[in-house]
Structure formats: structure tokens, C-alpha cells
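Chain nomenclature is as follows: A, B and C, assigned in order of appearance, with residue numbering initiated at 1 for each chain independently.
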């Protein structure tokens, strides 16, 4: 069967897709911030919390790291209403992504806590640094250096993960791609363009995060 | 398992077996092979579904069995999805395809259709509490319609009911559940299957409003383009199955009600 | 909770258990085939990117671009692109093949990056030493570099494979009869979403958790043997 690719038929939709990309970025950013807070709290519990609480957090992290996000969101979206909790598409996807990211960010931030070296803090104390100075000059730069690269990677992974939202009727980049596909039947063309959008999105994010890491934390390694 | 057997299994899984250029099997070849391969989509109950034993069953498999019996060959059901059912017949992986094959002039450019098997009727699926009685009632900002992505109803809604809010879900199962959970007010789509489908939500008082103003479409067997011998035989078999009442009987068994619009049966094709 | 217990005997019927068991095996097979194939492709790409072995710059660029492209496309979008690409190419491919190809593309991009890092973890003096002993690039790779880099390569590969096992749930979108698709079908039959999706969450956990445990076990065991 001879089929000629006709990208011309889908170019009118590029702006509509860009709107979807913007939504995807927003979704990733909000999920990341919530997940980051969850991760910070859970990592602190793992390091300093009482034992039963630690077990609870451990169970949370292990469970969410070992089950698929898609099924987690299915559960949130379709099973919770049986107990009277009806989450909208956007809320269910956002909550699922945030809880899931929270598990990963707990692991990452715990490694950050672990990287603080007692000896360095003691040395700073001996030198007469105040508490704030110790945090500012000894602890933070250290943590930042350890945490910045994996946190950045996680953000970029989250950006790609947002595509799952399409399955729940959120009209982000992939959801809009499905819509255009249904209208034009130019399936390969429109999905390959969506792929290019994701490549561009994550490349720009990588470059921006690299610049931030380089400027603020003197990290030379690449991001994602 | 030896490595070579494992490799064979993998090759089979990956479908790398026969990639010879596809040419549809003629009626003769089907008779000689003693096997009729029919594509059905088990995610569209009650047309086709996984039964208690998780085997493929339903209206289409049962009708396909009746057809295979008339031909005197064994029936082999092949699972197809919505996007790949036409390629399946084009690539000669099945002899005929079902799976709610609505006849459209667009599709008829790619495959050939037989005479109609059944009608497809449209309407509004909603709950008892909602006041909708006709399509125009849905054209309001306060109405949220839950639809399935990529279905023919969507361009119609966007054109004729532009004020309604649209939520697009992935498949009919998700749509039904979303309606049951009150995530929207109604859905405009085919209504033949709802009597069967909505049984699984006994707590909900459903209301189905037929919308004859939308028109009726017909569903047929699809065969490879130019496979006229098979198509002509199927037309005669269908005529016999229609006049004997077999199609209607199987329909009522699965769809739990008579066909809304009867298919006019004529001896001429 | 009570309603879950009530429907449990019907849900865990003989036929449903077989159905779920088959779906579990399908998820495992899809992951295994996809990751295995992906690892092989990734290995070739990593070798292509290594200037000690491949002297031809355009091949190295190709490998780099390939990796950059395929690790930046979400699994769902990649799945659809592969699906429609096969259709355009007139490839007579099953849905399993489409899904396995998508897993393999994802795995290859990650593996290429990961294996490259593993190869680079070996000090470059060792390449020089191998060269002085008159070894060619590939021989040096096989006899000197690889034995030392496995420890760096294997643990993250395992962890990433767990991620891909989870991603195979998205293959349910095109109708591959794996765990998620099976849950959707059972859900369609009227079993509650809680029992359908809850059960497969546990099944995924049973598949992924041992893999992750094994990965961290390997990491601990292999780590001290690093020579830098």
C-alpha cells in the first residue's frame, strides 16, 4: 500500500499542541513540587523519625517504587469513588504523579541527608561558624551538589510521565495528539510530531537545569 | 526448553512467521484449509467478550460459528482491536473481520462489505434524574458529556452541540464507569449494547433516550478488497440466517432486547 | 472493605486465576524480550560511541543522536509511533511485537548510556596497556575492559528494567493481553475497580520487588571489586 506522509495536514494544529505542551509542563511542575515536599518529609522521617513511622514510610516507598503509575492512577480514579472519594481526571493524575514522585524523591533526598559529613560540620563549629553559617556554607552546598542532578533528572522524567494523563481525558500534549489523530487520521505524522515536542521540551529543560546547576552549584555534569 | 525452541517461540510471539505478501484466501482455499478465521474485538461486550471461562464469546463469535457451520469448516476466532481490525483483514491474518464494522464509504475504499448483519442505533445514555429527551437538550453549558476518544460521535457533537462540555475517555468501559460515578451528565453514542453493559451497575437508575434524528447505520462482515467469491457466499449465508431468524435470536440472547431497527432482508444483492 | 471480601471468592475463581496467571506471564515475557533485545542494541550503540573501538565519527554521532531521541519520548507516545510506523511499513506485526519493540527502544537508549558509563569507568591507561600488548579494540574490550565494567553496568540496568516492567502496563492501550489489560477486562465484567486494580498492583509488586532487591544485592556485592 502506497502511503505518502503528509505533514502539511497537521501543521495547522502545531499551536494547539504547544498549548498541550504548556499544560504538560505545568502538570510536571506541580507534581514535582508536591512530590518534593512529600519526599522531604518522608526522608526526614526515615532519618530521624520514630520506628513505626519509619516502617510506614518504608512501606510507602517500596510499594510505589515497585508498581506502575498507570495502575496507581486507575486505582485512584476508578476505585476510590467506591469509598465516596471522586477525584476529577486532572486531580487523580496529579495526585498519582505526586505520590509516585514522592517515593522516588524520598530515596533521592535520603541520600542527600546521608551525604552530610559530621566531621565537616564539626570542623566548621571549631572554626566558630554560627548555625546559620554552617547551613549556608557547609551543609547546603554539599546537599545541593549531591541532590541537584538526581532531582533534575526526576523532573525531566516527570515531564515525560505526564503523557499518561491522556488516558484519563486530560487534554495535555498526548491527549491533544489523540484528538488531532481522530480528526485527521494522519496518525504517524501527528504522533511523530508529538514525539518531537517531547524531545524539544526535555532538551530545553535539560539545558536550563544544566545552566542553573552550573551557575549556582558549580555542577559540571550533564542533566539527564 | 532448548535455546532454539525458545527462539521459535519468540519468533512466533513477534509475529515474524509468515510475512509473505498478503493475498486474501478465496472461498476455495478456506474450504480446503477447513478453517474460517474471523476477527472479533472482545473489549466490546456483548458483541464479543471474555466469558466466565475467559474465552471469547458473545454475539459476533456465535454468529461467526453459525456461518462457519454453514460453510462446514472449523471456526478460529482471532482477537483484533479497534485500530488494527482493518489491517488484519488487509494483511490476510483473518478471512473476515467483525468488531462492530460499521459500513462507511471511507472504509469501503479499503475493504469490501457484505449485506448488513445488524443496525446500529444511537441515543443518549443518562440517569433517571436528568431531564434530557432529545439531542438538542444536550446543547448547554451546564451539560458535561462523557465520550470515547476517536469515535464518530465526537465531530457530530462538536458541530451540533458546541455548548456542551466534553470529557474524552479511552474506552467504553471507562465511559460507563465515569457516568456511573457521576463524572458527567450524559453520553451520546450507540445504544444497542447499553442494556447489557449497564447491568454491572445495578445501583444506578439508567435512562436511555433513542435519538432517531441522528439516523441509523449498519454493520457488516468486512472481507479483503476484491474477495468477491467469499463476499457473495456470505451474502447468501446471511440471507438464510436472517430469514431463519437466527441473527435476531442470537442478537436478543446477547443484547437482551430486540434489534431497535430491523434489517430489511431482500433476496437480491 | 466488606464488599471486597464478598466479591473475592467470585473474583479469584479458577478461570480468573488462570487468566491473571497468563497475563502475568505475558507481562514478564514482554519485559524480558524487550529488555533483552534493548540491552543488546544498547551494547552495540555503546561500542559505536567508544572512540577506542570505533574510529568512524559519523557512526558515533548516529549512536549519540539515537540515544538522545529515544530516551526523551514518553513510553505511550513511542508506543503509538511504533504502532503506526509498523502499519505504514506494511509490517505484519502482532501487538506483542509492537509493544516489545517499544520496550526495546526504551531499553536500548538507556543501556547505551549506561554501558558507555560502565566502559568509561575503566581507567584509560588500561586501554593503552592493552594496545601495547597488541590487542585490537574489540579484544581489549572483551578481555580487559568488560570484565571490570560489569559491576558498574549491571545494577542500574536491573533497576531500569524494573521501570520498564512497570511501563509495559501502558501496552494495555493497544490491547496486549498483559496484566493491566486483564484487569480492565475483569473490571468490564463488573468486578470492582478496587479488586481488579488492587490485585494487579500486588502482582506487579511481586514481579518488581525481587528484581529491585536483586539489583541492590548485586550493587552491594559488586561494588567493592571496582578497581579505579
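Rule of thumb we're sticking to: a contact is a pair of C-beta atoms (placed from the backbone, for glycine too) under 8 Å apart; a residue touches a chain by one contact, two chains touch by 3 or more.
As the structure is a prediction and not an experimental result, all values here were calculated from the model.
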Partner chains that chain B and chain C have in common: A
Contact-richer chain pair [A-B vs A-C]: A-C
Chain nearest the global centroid, as defined over all protein CA atoms shown: C
Length of the line joining the C-alpha centres of chain B and chain C, rounded to whole Å: 35
Chain centre separation (chain A, chain B; CA means) in Å: 39
Inter-centroid spacing, chain C versus chain A (mean Cα positions, whole Å): 20
Set of chain C residues in contact with two or more other chains: 87, 90, 173, 187, 193
Shared-contact residues (touching 2 or more other chains) in chain A: 1, 78, 167
Where chain B touches two or more other chains, by residue: 170, 177
Chain B residues within the chain C interface of the complex: 10, 13-16, 18-19, 22, 42-43, 45, 49-50, 52-54, 79, 81, 83-84, 87, 91, 93, 170-171, 173, 177, 199-200
Residues of chain C touching chain A in the complex: 3, 68-69, 71-78, 80-81, 84-85, 87-88, 90, 162, 166-170, 172-173, 179-180, 183, 187, 192-194, 197-198, 200-201, 204-205, 208-209, 212
Residue ranges of chain A touching chain C (in the complex, touch as defined): 1, 3, 5, 62-63, 65-72, 74-75, 78-79, 82, 160-164, 166-167, 174, 177, 187-188, 191-192, 194-195, 198-199, 202-203, 224
In the complex with chain B, residue positions of chain A that touch it: 1, 78, 81, 86, 88-89, 167-169, 171, 175, 178-179, 181-183
Footprint of chain B on chain C - complex, ascending: 13, 15-16, 18-19, 29, 33, 83, 87, 90-97, 100, 173-175, 177, 184-185, 187-190, 193
